[in-house]
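Going by the order they are written in, the chains are A, B, C and D; count residues from 1 in each one.
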Amino acid sequence: MLEQLKREVYEANMELVEKGMVIYTWGNVSGIDRENSLVVIKPSGVDYDVMKPEDMVVVDFDGKVVEGNYKPSSDTATHIVLYKNYPDIGGVVHTHSTWAVTFAQAGMPIPALGTTHADYFYGDIPCTRDLTQQEIEEAYELNTGNVIVETIGTCNPMAIPAIVVKNHGPFAWGKTPAGSVYNAVVMDKVAEMAYKTMTLNPNVSRVQQFLLDKHYNRKHGANAYYGQGSEEH
Amino acid sequence: MLEQLKREVYEANMELVEKGMVIYTWGNVSGIDRENSLVVIKPSGVDYDVMKPEDMVVVDFDGKVVEGNYKPSSDTATHIVLYKNYPDIGGVVHTHSTWAVTFAQAGMPIPALGTTHADYFYGDIPCTRDLTQQEIEEAYELNTGNVIVETIGTCNPMAIPAIVVKNHGPFAWGKTPAGSVYNAVVMDKVAEMAYKTMTLNPNVSRVQQFLLDKHYNRKHGANAYYGQGSEEH
Amino acid sequence: MLEQLKREVYEANMELVEKGMVIYTWGNVSGIDRENSLVVIKPSGVDYDVMKPEDMVVVDFDGKVVEGNYKPSSDTATHIVLYKNYPDIGGVVHTHSTWAVTFAQAGMPIPALGTTHADYFYGDIPCTRDLTQQEIEEAYELNTGNVIVETIGTCNPMAIPAIVVKNHGPFAWGKTPAGSVYNAVVMDKVAEMAYKTMTLNPNVSRVQQFLLDKHYNRKHGANAYYGQGSEEH
Amino acid sequence: MLEQLKREVYEANMELVEKGMVIYTWGNVSGIDRENSLVVIKPSGVDYDVMKPEDMVVVDFDGKVVEGNYKPSSDTATHIVLYKNYPDIGGVVHTHSTWAVTFAQAGMPIPALGTTHADYFYGDIPCTRDLTQQEIEEAYELNTGNVIVETIGTCNPMAIPAIVVKNHGPFAWGKTPAGSVYNAVVMDKVAEMAYKTMTLNPNVSRVQQFLLDKHYNRKHGANAYYGQGSEEH
């Protein structure tokens, strides 16, 4: 079942390796079949170099395995929370990419310092609060999803399709599994640029609002004029 | 038309990927046919791995497409300003290369700290001022070109063939499209060296003027003695 | 003799090159045949690109060569101390990987700042004290092993299977030679993340104890639920 | 003439590219035929990917070209000063490798902070003083050699076979052209480790003298016990 989506999810997972976002079995990408509310996700702890499209696991909105020979990613519950809350997203990714983890461990948002950031994220990429001991012990992965949703609040999740979870690492999402990986790669790159800028000039200030507006809007929305018309991730 | 120039511009764009200056569709290189005042530039938002020489877009000095199946780079107006103001340049490049962006976001020039810098740039690589809200909203890409020209002022644009645009990123130029990319790669490398030097020794001072003179002049100008006689970019 | 173990040790040594942990002849991995108390280790100073499985050297618990055409690694005595003291380990590795050496030279433990760390190391990766002049001059490699054992004290060596030796570099261990290399690679990655976090935010605090517990325990021990059941290194 | 030495010098130059020490035409390696006091050196400004062994240039101790179709490296005079002053060296290399340049631009020696450094360099890798305007204008490359010799003074040049020239970059030497490149690569690696250590812990102190002695002496000299007996570079 869902052969096409399995292939997309598989390829998006392999792209994480290709782009240097993961080592060993780290990271996981999922995709969703909205019609049937079924999520296809990477199996837990399987090496990328032996993984095949048919190893992807199909789970329902309760996290129960519908099809698959493996256990799904241990972070599956987090992915499902995001799919339930954000009907526009078609793919979710979690990595431990170095620069995004740096901000997660520092407990800091990735600030919007320039146009590279503004081209993809309409403002700072937020950092969640600490989870409480109770939240961690009772339902860790579910509550990781919940704290992401709490942090985003009433903002449009497609305007800043990424977040860092405190002391943990980045999650990103997109219209498709491949789109979520694209956003995760760009997040890590803007995190790298922000780290280097902030250590070079500790008094740096954010990009001006109208420059942020200009760059974001020339790539996104009704009046976008970057690209050939299909650049949205 | 302009098949040879299209190939040069295509190859210079691909060199950006080869040298690690860009990811995804970032960056753009152009070249100029001075006789006809026609600029050949990368199409906007097209993936490097599918791009072909014939996809390059030909525009006139008003930015109007003369030939091509794609929309030209969204930064085309900036390139044209540079060609109009600097008759000696044959190629222009814009990237979001990490180290140069670091200085752009920090709002700082890339200081001339050593001979690696002096071999190519006769002094600091400047950083532009902020654009005003009006400049951004009325004609962003045109005014990006204008603020570059304003910053360079009466200096010789070939003596320091690069700049960082504040909160945005680097532009570089050269005698040819390939030469502009060469200068962009060296700019990023000297930016990297400057960052590391400044974070290791915050009290660092600039290279002595006579050492800067010596290195710049042994590679450039009438009495140059580096190389076999054809090293100018 | 011990052909299978020699191959495992050889492959684990080559993995150090593959993962960028060593240059030239740096680094060494060993494995142990517990039944006969024989250690198989990389020969000293042999280039990785000419090394073959049969070049691995077999030594006994006194460090005497039992079989082999080469001298064993100069760090052999350190490996033996670890095997003698920790009956659960099957492989030991020493490298000069950059990020772990950074903490060794700084004389600082690699602090547990996030879940990437907690997934593999149940707390800070410790840094040993300085060896005394007498310890260095009398039996340097033996005493390097001894100071590691002294630093770990009564802790479980498998809970934090790695250490940095002050002003020197990292040692790691695992259930197998390959497992020890795995732990050395992860140590270097979490050291990189810790360095970047601490230079971005000098006031950073450690990951909360209950988040450390959660991540460590979901991958290790009786109630682990990460992976397909065979992820222990 | 000197076909064997030309090949060695050529291969040592290509090794600079392989090891990431140079980009474009940067860097140069030479070797010497002591019997005839002839130096073989890379041609100036020739691309590595078209360079051939027969392009190496033969010069005498006055820097005059004895054989070759190209002009020799612009740094030839510096190499010759080193060969004249240090009869034990058989190869010299100059690069603009990033980490060593960082210390050159910072005007700081590369401090001996750990055993990685001590394995190859018996103490800090020194940084020269500024050249005077007169020294630069009258005979720049010759005086670069002279200031290196002045800085090393009465020390044994083989005990610390490398230096950084202030605001310029590293020079290294060795028993052979390949050995000089080996030392240049290790210098850049220990410079990287020193930078990271010093930015992590600004109060770091040098490796203890007896640990420096131990590591240096286990690899070098009469009582060395690292390797199989031929590790000297």
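As a working rule, contacts are C-beta pairs under 8 Å (C-beta built on N, C-alpha and C of every residue); 3 or more make two chains touch, one makes a residue touch a chain.
All of these numbers come straight from a predicted model, not from anything done at the bench.
Farthest from chain B, judged by the mean position of CA atoms in each chain, is C. Taking only C-alpha atoms, you rotate chain B by 180 degrees to land it on chain C; that is to the nearest 5.
A straight line joining the Cα centres of chain A and chain D is 46 Å long. Measuring from the averaged C-alpha position of chain C to that of chain D gives a distance of 33 Å. Residue positions of chain A touching 2 or more other chains, listed in rising order: 199.
Contact topology of the protein chains: cyclic, one closed ring where each chain has exactly two touching partners. Interface residues of chain B facing chain D in the complex, by the touch rule stated above, are 113-116, 182, 185-186, 189, 192-194, 196-197, 199-201, 204, 207-208, 210-211, 214, 218, 225-228, 231. Against chain C, the residues of chain A that register as touching in their complex are 23-25, 43-46, 70-71, 74, 96, 98-99, 101-108, 130-131, 133, 136-137, 140, 167-169, 195, 198-199.
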